[in-house]
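Across the two complexes that follow, subunit A remains constant while its partner is subunit B and subsequently subunit C.
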Partner chain A sequence: MTGMAALQQAGHLTVAGASKRFGAALVLDDLSLAVAKGEFVSLLGPSGCGKTTLLRCIAGLLRPDAGHISVAGRDITTLPAHRRNVGVVFQNYALFPHLTVAENIAFGLRAQGVSKSESAPRVAEALALVRMTEHAGKPVTALSGGQQQRVAVARALVVRPSLLLLDEPFSALDRKLRETMQVELKHLLREVGITAIFVTHDQEEALVVSDRIAVMNAGRIEQLADPATLYGRPASLYVLDFVGQSTRLAGQVTEAAGGMLAVQTALGPVRAPGQFAPGSRVVVAVRPEAVVLGEAAENRIAARVREVSFLGSRTQLHLDLPEEGEDRGVVELPRLPEGIGPGSAVTLAFREADTMVFPAP
Partner chain B sequence: MSATALAAPATPAPARRLDPLALLALPGLAFLGVVFLLPLLLLLWSSIRGAEGFSLQGYVRVLGDPYYVGVIGASLQLGLVTTLGALLLGYPAAFALARAKGGWQVLLFALVFLPLTVSIIVKSFGWGIVLRRDGILNWAMLNLGLIERPVRMIFTEGALYAGMINVFLPFMVLPIYSVVRMMDPRLPDAAATLGASPWFRFTRVTLPLSLPGVVAGVSLVFSLAVAAYVTPSLLMGDRYMTMSMVMAKAFLNLRDWQLGAAMAAVLLAVAAFVVVGASVLQRRLGGR
Partner chain C sequence: MERLGLGIAWTALVLVILFLLLPIVVVIPVSFTEATVFRFPPEGFSLQWYAKIRNVDGLLGALWLSARIAALATALSLLLGTLCAIALVRGAVPGAAAITTFMVSPLMLPGLVLGIALLQAAREVGLRDAWWSLLLAHVVITMPFVMRTVLGSLSLFDFAMVDAARTLGCSYPVALWRVLVPNILPGFVSGALFAFIASFDNYPVSMFLVDVRTKTLPIQLLNYLEISPDPTLAAVSTGLIGLTVLVLILCDRLVGLRRMASI
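On to the complex of A and B.
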């Protein structure tokens, strides 16, 4: 229990040792998480990693088989959803189709017995907050996707929840609108000063909206860190692959001294900081933008370009790697040098400090 | 062949008031006209034709004679009780059916809808076998020592209601099910996270959204039950006369066409009132 107490002190939201089993599948596996007041944390992972289950447990729509959940120091593990004061923005929003925009937003206030005279100004305030005042009387079925999302956010915020959960809030929007809404929503929630948990499978979205990201894998949190750390110093190959792209090469440690490793890969020797015994099978990796063409850094490898992808602000080179398997080559350049295309032989250089080493899977 | 000949016709077809597809309804309409509308007009004609020409005697008797007024009341009561019973049993069943998964749903579907494939006469006879003095239910209760002498169940109103609800239950479940199936199951969840108690969730979210199905089911079951003939005849006989039974008697035994036709017209008016009222209500509910 002392661990629990320590976690509770640390976080506004605390999940301690939560497990949940559906039949034979262990969907949450002794998971712990602490989120500070006002913080935005993303639960990032592929479908089936348990992120939505964790969200539903926090909301009170599911009860974990083991573990405790507390908000603001109060243990809410066994409390039903309607007594938790935890707001949820559902995937596809789950707006009440038989009610207008204003009635949707007023729903929670009416459910909690707030008088009409008190709720009217609060609904008006929430409508203004999401810039939906002029649509107050419309049926929600007449709204666009972005407008529906705003109503869902206003509906959840108007009851002043102690925590807001958002389940894939942008997945129903098209790409352009999604990018706008991500920034808009982040700004809005920051202004309100609420603690928020986003569930998403989209790593770019997680990087944009979060203060910290919890990368989930098979019911556990693989790494919980701020976006820059997660991207620059992934704790595992799983995180490396899930967040961003990389060039990764399997290899074997040939030399280890003073915190530096020499690793023999299929494309030649590479040096990197790390702690592995000589002979260990490892994977070395480097992020696409840490690689330059030429010889301007310590590590150099020769490769052939398989495909070139123009992405507007940058260009990606996909490399032909000699070996089948997990090896991958992705390099990003601000602009494509003259004369380089599919089939070109190139020399890639990257700094030792930018090179990461993971134990081979 | 020239390029212009290959191009799509430049002049748009003149706008027609009637979609040509509507013509496809003509054969069906003609059929209904012959087998339904014509007999209906003849029936209405019979109801106002006495021995010496035009007369409203049939209606005077049906709506004035305490016996026939009692029959109309009994039919309405049977319709109401059956509808209420079917609603109480069918509403939760429709939800179970809509929310059940995989094999369970198949099983529940079979339980609700297989009885429809059994003739109503067979079903009503079946209830007779179950409820008879020497029937299965009495036999079982006697052997279990629950009762000392057989209880009279058949030819009681309770037995009639049980049989009627059994026969018409699927007609309540199906329309409610089809509405509930389209309902987002996360809506009650969303209401819960907003602080709504289970009762508030039901009365403000689930019930209003399922109401169109309820209205359809109620109007369907009521109009069927109020016109019931076979089930009351077999389970109650002359002890519980319904409008349909009076009609049958008037036409087949008494050869009093005017009486039968007048009763039929009253029944038709009751059913039409319910069905039209329901569709108006439904349009209003669906208008949102």
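On to the complex of A and C.
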């Protein structure tokens, strides 16, 4: 129980050792998480890794088989959903089609017995907050996707929840609108000063909206860190692959001394900081933008370009790698030098300090 | 060829509509006849057969009994049927598909068989009271109609709304009441309508359960027809048609017939 106490100290929301089984499937596997007051945390992971399940446990819509959940120092593990005061924005918003925009927003206030005279100004305030005042009398079925999302957010916020959970709030919006709404929602929630957890399986979205990102894998959190750390110092190959792209090469440690490793890869020797015994099978990796053409850094490899993708502000080179399998090569350049195209032979350089080493899977 | 085919289909449609409507249309003028026999076209105009309804022994009583049984059976079916439907849709009931089929098929047994079986069962458990046996039997009759429409509405209902209501401060039963019920109201209304009618004009099941003092309207009407086949029956039928039209208009106002028909 001391672990629980320590976690509680650390966070506004704490999940300690939560497990949940559906039949034979272990969907949450002894998962722990602490979120500070006012913080935005994303739960990022592939479909089926348990993100929604974790959210439903926190909201009280599901009871975990084991573990504890507490908010603001109070254990709420066994508290029913309607007494938790945890706001939820559902994936398809789950607005009430039989009610107008204003009635949807007033729903929670009415359910909690707030008087008409007190609820009217609060609904008006919430409508103004999400810029929906002029649509107050419309049925929610007459709204666009972005407007529906705003109503869902206002409906959840108007009851002043201690925590806001958002399950893929942008997945129903088209790409352009999604990018606008991500920034808008982040700004709005910051203004309100609420603690929020976003669920997403889109890594770019996670990077945009969150202070910290929890990368989930099969019911566990692989790494919980701020976006820069997650990207720059991924804790595992899984996180490396899930967040951003990389050039990664399988290899074997040939030398280990003073925290530096020499690794033999299919494209030649590479040096990187790390702690592995000589002979270990490892994977070395480097982020695309840490690679330059030429010889301007310690590590150099020769490769052949397979494909070039122009992305507007930058250009990606996909390298031809000699071995089939786990190896992959993505390099990003601010602009493509003359004479380089599919089939070109190039020399790539990257700094030892930017090179990461992971145990081979 | 296509025009010919369509022409045949059109003709069929017109004929079938006539065939469906004619008996209903014929009964209305006959109810206003001056003649003492049930004959079309009617002769003259009088309201005597309407006046006579009150004087026929047991007719109004039977009407009242049928109305009460149908209303109570429908209400019970709505409550129980909705709970069963929620369990089937959400409760991970083993064999839910088979149970659903069973509960939705309107009276897979012929009414006769059901009537005899219910009579036997009532006897076995010592239920001798005709009123109670009729009510229970009519719950059995109405349940499939309610189940069918309620299950139909539930399959279109997004239960995330119930979750949303819960996170906003409603307990589970309150969330069902405030979110589920208003959203499946069309299903309720059309289910209730079908159920009420099925109960109201049921003959084969009720036949086994009535006694001398407790007779439902269809049974009383048929008895009367055997004794004196005069246009009183047309008057009663016309009254029922009027009532049905009234109810349909009310339903239309309440939820819209289109919404009901689509379920």
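The definition used in the following text is that the second predicted complex is superposed on the first by the 361 of 361 C-alpha atoms of A that agree within 3 Å, B and C clash if a C-alpha of one lies under 4 Å from a C-alpha of the other, contacts with A are read in each partner's own complex, and residues count from 1 in each chain.
Going forward, contacts are C-beta pairs under 8 Å (C-beta built on N, C-alpha and C of every residue); 3 or more make two chains touch, one makes a residue touch a chain.
Remember, predicted model here, so these are calculated numbers, not experimental data.
Enquirer: With the two structures overlaid on subunit A, would subunit B and subunit C clash, or do they fit side by side?
Expert: clash
Enquirer: Figure out whether A:L237 sits in contact with subunit B (first) or subunit C (second), or with both, or with neither.
Expert: A:L237 sits against neither subunit B nor subunit C.
Enquirer: With the two complexes superposed on chain A, say which partner A:A154 touches: subunit B (first), subunit C (second), both, or neither.
Expert: neither
Enquirer: If you stack the two complexes on chain A, which partner ends up touching A:V86: first (subunit B), second (subunit C), both, or neither?
Expert: In the superposed model, A:V86 contacts both subunit B and subunit C.
Enquirer: Thinking of the overlay built on chain A, is A:L189 touched by subunit B (first), by subunit C (second), by both, or by neither?
Expert: A:L189 contacts neither subunit B nor subunit C.
Enquirer: Touch test for A:P139: subunit B only (first), subunit C only (second), both, or neither?
Expert: Touch partner of A:P139: subunit B, not subunit C.
Enquirer: Which partner does A:P97 reach: the first (subunit B), the second (subunit C), both, or neither?
Expert: Once the two structures are laid over each other on A, A:P97 reaches both partners.
Enquirer: Under the contact rule defined above, give the subunit A residues that sit at the interface with subunit B and also at the interface with subunit C.
Expert: The overlap between the subunit B and subunit C interfaces on subunit A comprises residues 59-61, 80-88, 90, 92, 94-98, 107-108, 111-112, 155-156, 159.
Enquirer: Across the complex, what residues on subunit C touch subunit A?
Expert: Interface residues on subunit C, with respect to subunit A: 158, 160-161, 163-172, 174-175, 178-179, 182-183.
Enquirer: Going by the contact rule at the top, pick out the subunit A residues touching subunit C in the complex.
Expert: For this pair, the touching residues of subunit A are 56, 59-61, 80-88, 90-92, 94-98, 107-108, 111-112, 155-156, 159.
Enquirer: What residues of subunit B sit close enough to touch subunit A in their complex?
Expert: The touching residues are 184, 186-187, 189-198, 200-201, 204-205, 208-209, 288.
Enquirer: Taking the touch rule as given, give the residues of subunit A at its contact with subunit B in the complex, in rising order.
Expert: Residues 59-61, 80-88, 90, 92, 94-98, 107-108, 110-112, 139, 155-156, 159.
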